[in-house]
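Next, two complexes with subunit A in common: one pairs it with subunit B, the other with subunit C.
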Partner chain A sequence: MHKLYINPLPVRIWHWTNALGFVLLIATGLQIRYLDLIHLVSFRTAVVAHNWIGFVLIANFFLWLGFYLFTDKIKVYHPELSPTKYFRASFRQMQYYGYGIFRGDPNPHHVSVYHKFNALQSMTYQIIMMLVVPVQFFTGVLLWDVTRFAAMVEMFGGVRVVDTVHVLFFIFFTGFIFIHPYLASLSHTPWAHFKAMITGYEEVEDEPEQGAASR
Partner chain B sequence: MSALQHKVLVVDDDPVVGKSFNRVLSQKGYVVVTAENAQEALSKVQEGEYDVVFTDIKMPGMSGIELAERLKVERPWTPVVIVTGYGSTANQERAKAAGVSSFLEKPLSPEMIEGSMMKALLDAVPAVLPGLVEAVHPEPAAEDSHLKKVALFVAAPFIGLLYAVLLPFVGLGMLAYLGIKAIKNNATATKVASLIAAPFIGLAFVVTLPFVGTALLAWLGVRALIERAQAE
Partner chain C sequence: MLLAMVALLLSVPGIAARAEDGDLSKETKACLKCHDKAGLEKKLENQETLSLHVSTKAFVESMHNKNDCEDCHSNIDSKRHGKTKAVIKSKREYSLSMQGSCRECHKKNFAKYEDSLHAALVKEGSKEGRKDAPLCADCHNPHTLGSVKIIQPIAATPCAKCHEDIFKAYSRDVHGLERIAKGKAAPICADCHKTHDVKAASFGDGIRDSCLACHKDVVSAHQGWLPNAALHFEAISCPVCHAPAATRRVNLRLYDSVAKRQVSEKTGVPLFDKRTDAADLKNVGLDERALLSLLKEFNQDGGQGNTVLRGRLEVRSGVEAHQLSEKSKAIKDCDTCHKQGAEPFQSVTLTIASPDGRPLRHGIQKDVLNSLQATESVRGFYAIGSTRIKLLDYALVLVFLAGVGGPLVHMTIKWQFRKVRAKVEAERVAELALANSQAVPGDRRTDDDASK
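Presenting the complex of A and B:
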């Protein structure tokens, strides 16, 4: 077992701010949506908090985006351009999650500095971070001031359409916030990935040396 | 000159350190060679030229400092970086006097390894090997331009989405392929599958029969007309 510096400081700051923000947005979002059922805070407080947290997370998203755009770590989010390689890796990973992990098989994905995500994670995070999250922010901003953005809201089919998209993604993120910690616990110890997101260092199993480079 | 041509010697009795260097630097195109003690390192240096030598201080037999001193006498142009978890002032003074490029304190991060590699090469450039300037920016030829990197980053979610849509179909196709392959290899399964498939194959024949028959008739008619025209 050795340590690899996988999660640089800006990524860790972004991640934990995001995690806290998501939980608060979900809580305030539930309060706004189910006013009759939940009585955590007043409707007005929930709306104000939801808006402010939303803006903090938008700023936080740009921290994430800036970090990846201006460092060579951008490769972490690059797609696999060979469909054969991609599908093979995906099915191996699915086989591992669905069966191999229960038998104690080794994880088919080997983490490295520029290859921290497995095929399934890579696809999921590319879609989440660069499609789902921006759309959620965008619809959130539109709903924040419907009057100001009336023309744009109208262009997308009205408040009902924008709100439906926002709520559907809200449901998705609520599911994500439960699945993500579960998947994060599937390391050699339940806390290893959590620890790595605090210290930056991922504990990686030693692989046999290979290729000319190791000689 | 590409980074691929540059060789790095990592001397440490802990093989994990060598592996860490290998993992970080080989990705950048360097050839990483490891030695577990100073004697082994000296014999490797005798056999071939190295662009940078990273050495631990505390090792069985000759220490890293002594190795650095020997290297600086025999090959003054080779940059030596001391890697240590025990950075004492006395050691630092002695190493500086021997002319080592820098000190690297454990625990090591990829950025530290890469940074010290570049610094060591930079320091070596003006004095000895001007050609090494290119190595300061490893992999220039193989490395994608920033524009391409950003383009891939922007394209990633759409490619990811395409893969996500295709994944179930590819999965079903693979399952069907594996199923057919398994059936083909099993005589009983082939018989059972043929029995199950028979009514569907029959139905397919019934459905296609009128079309095939009509096409056949049409072809015979056309041929008869052509033959008559040729005869006249």
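Presenting the complex of A and C:
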């Protein structure tokens, strides 16, 4: 085992702010939408909190974007340009989670500083961070003050359409908030990835041949 | 003492401005000589009795006291008047014939009146028998009239004659009670609905602008506590919250998104009832499909794709719109509307304005507001919680179950494979040990340890 510094401080701040923020957004979102079923806080409190948390997370998003745009760490998001290689790696990763992991096979992805995401993560995170999250923030801002952004709301098909998109992505994030920690627990120990996102250091198993090559 | 008496006289309404009998012209005095006899009346053709009595006292106190009788009754031939019997069909016909006299002096107000809902009803009456639509004399008795805005007691307000139920509600609500207590400072009918250019209260923004004309700071006051306050002002009529005892409904109006106004039916081309009745043969209310195709129909002929539905929350009747309460009793609880099954969303109506501005309505099934299929037709109306799309609720439950169930299933399978994993691990360790022993034959100790 050796340690790799793969989660720099800005990424860790962004991640945990985001994690807490999204949990709160989901909770307040549920309260707003299901006032008949949930009675945690008042509707108004939930709306006001939802708005504020949303704006904090928008700022947080730009912290993330700024960090990756202005450092070479952006390489972790560089896509694999060869479709064959990419799909093969994705298939291997799926095969690992769907079967290999049960047999105790080694994870086909080997973490390194500039290659911390497996093929599935790389694609998923790019879609989430560059499409789903911005659309969610954008629709959220439109709904925050529908009258101020009336022209834009109308352009996108009206408040009902904007809200439906916002709710669809809210449903996605609700699923994500369960799946993501579970997948994060599928390391060599259940807490290894969690610790890595706190300390920044990921414990990486020494591969005999790789270990020899790196020395 | 004398000064006090003068002051007292001046403070009595009507006295100060009153003309004396002596100010009346010789001709007018001559008319009143006969007409100021109580009980003077005339039998009309339709057997109605028309009072011909004009009280001199009331006339000199009226706003017409500077006029002579002949100014209005110019068609009277003084030589033959009273000697030959004039034929009058009915009171209504006589009032109609006198309208022109009012126009002579009150040109501006008459022009406003002609453009009003009241005048539209009069015109309609000439065809279809609406005989109670107000003419000038129905609101303003020409021989006794004072300013309508200062009429005391408030029950004498002419509007109350036709709008009796509404007036009763008004006289008990916050405005009416204040009017009774403080007089002119509080609004009466004409202050909100205007006098001569009165329009259908439900048309356009309705009476909202009248509310805002007096309650100037309310928009910013609401912004202090109400999220999306501007949207609430746009989509909700004031009495929805300020008449807490009222029942409410959703009014989906046909709206021209380019001209930014409510769609009106063209005069002489009544399409709305024909189309809605055809789309709702069982008369159970339009469903989402019928609504969408109806919208397309209105867009095809003349709508040019600009006709949309604009939703608004309003109280269900004019009476309820006049049950305004004190500010402290107004609804501030968001649950009233933002909860599934909330009362305002149990009744939904589709509306077009008739040519005179009055609403033509047809019912819509309330479930339309919760349907994914209505996303296009009801695109501009959405109330969080109460009009949420049901299909998305199912999607959320499904994703939640997948989010929780997926990891649980995965964990279970992983647990069931624990023996396989142990076996594979043992084989791997054995293979590794074998490989090590072949690579370093002399190092027996490590191999032994590994085999243990």
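Rule of thumb we're sticking to: the second predicted complex is superposed on the first by the 207 of 215 C-alpha atoms of A that agree within 3 Å, B and C clash if a C-alpha of one lies under 4 Å from a C-alpha of the other, contacts with A are read in each partner's own complex, and residues count from 1 in each chain.
As a convention for this text, a contact is a pair of C-beta atoms (placed from the backbone, for glycine too) under 8 Å apart; a residue touches a chain by one contact, two chains touch by 3 or more.
Source: prediction; values computed, not measured.
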One more residue to check, A:Y86. First (subunit B), second (subunit C), both or neither?
first
Between subunit B and subunit C, whom does A:L4 touch in the aligned arrangement: first, second, both, or neither?
first
Would you check which partner chain A:I127 touches, where first means subunit B only, second means subunit C only, and both and neither mean what they say?
first
Partner chain in contact with A:H78 - subunit B first, subunit C second, else both or neither
first
For A:T174, select first, second, both or neither according to whether it touches subunit B, subunit C, the two together, or no partner.
second
Could you list which residues of subunit A make contact with subunit B in one structure and with subunit C in the other?
none
How about subunit C: which of its residues touch subunit A in the complex?
225, 227-228, 230-231, 234, 257, 308, 334-335, 338-341, 372, 374-376, 378-382, 384-385, 388-389, 392, 395-396, 399-400, 402-404, 406-407, 410, 413-414, 417, 420-421, 424-425, 428
Considering only the defined contacts, which subunit B positions touch subunit A in the complex?
16, 19-20, 22-27, 30-34, 107, 109-111, 149-150, 152-157, 159-161, 163-164, 166-167, 170-171, 174
For the subunit A and subunit C complex, residues of the former touching the latter
32-36, 42-44, 47-48, 51, 97, 101-105, 144-148, 154, 157-161, 163-164, 167-168, 170-172, 174-179, 182
Could you pull out which subunit A residues touch subunit B in their complex?
2-5, 8, 68-69, 72, 74-75, 77-79, 81, 83, 86-87, 90-91, 112-114, 122-124, 126-127, 129-131, 200-201, 206, 209, 211-215
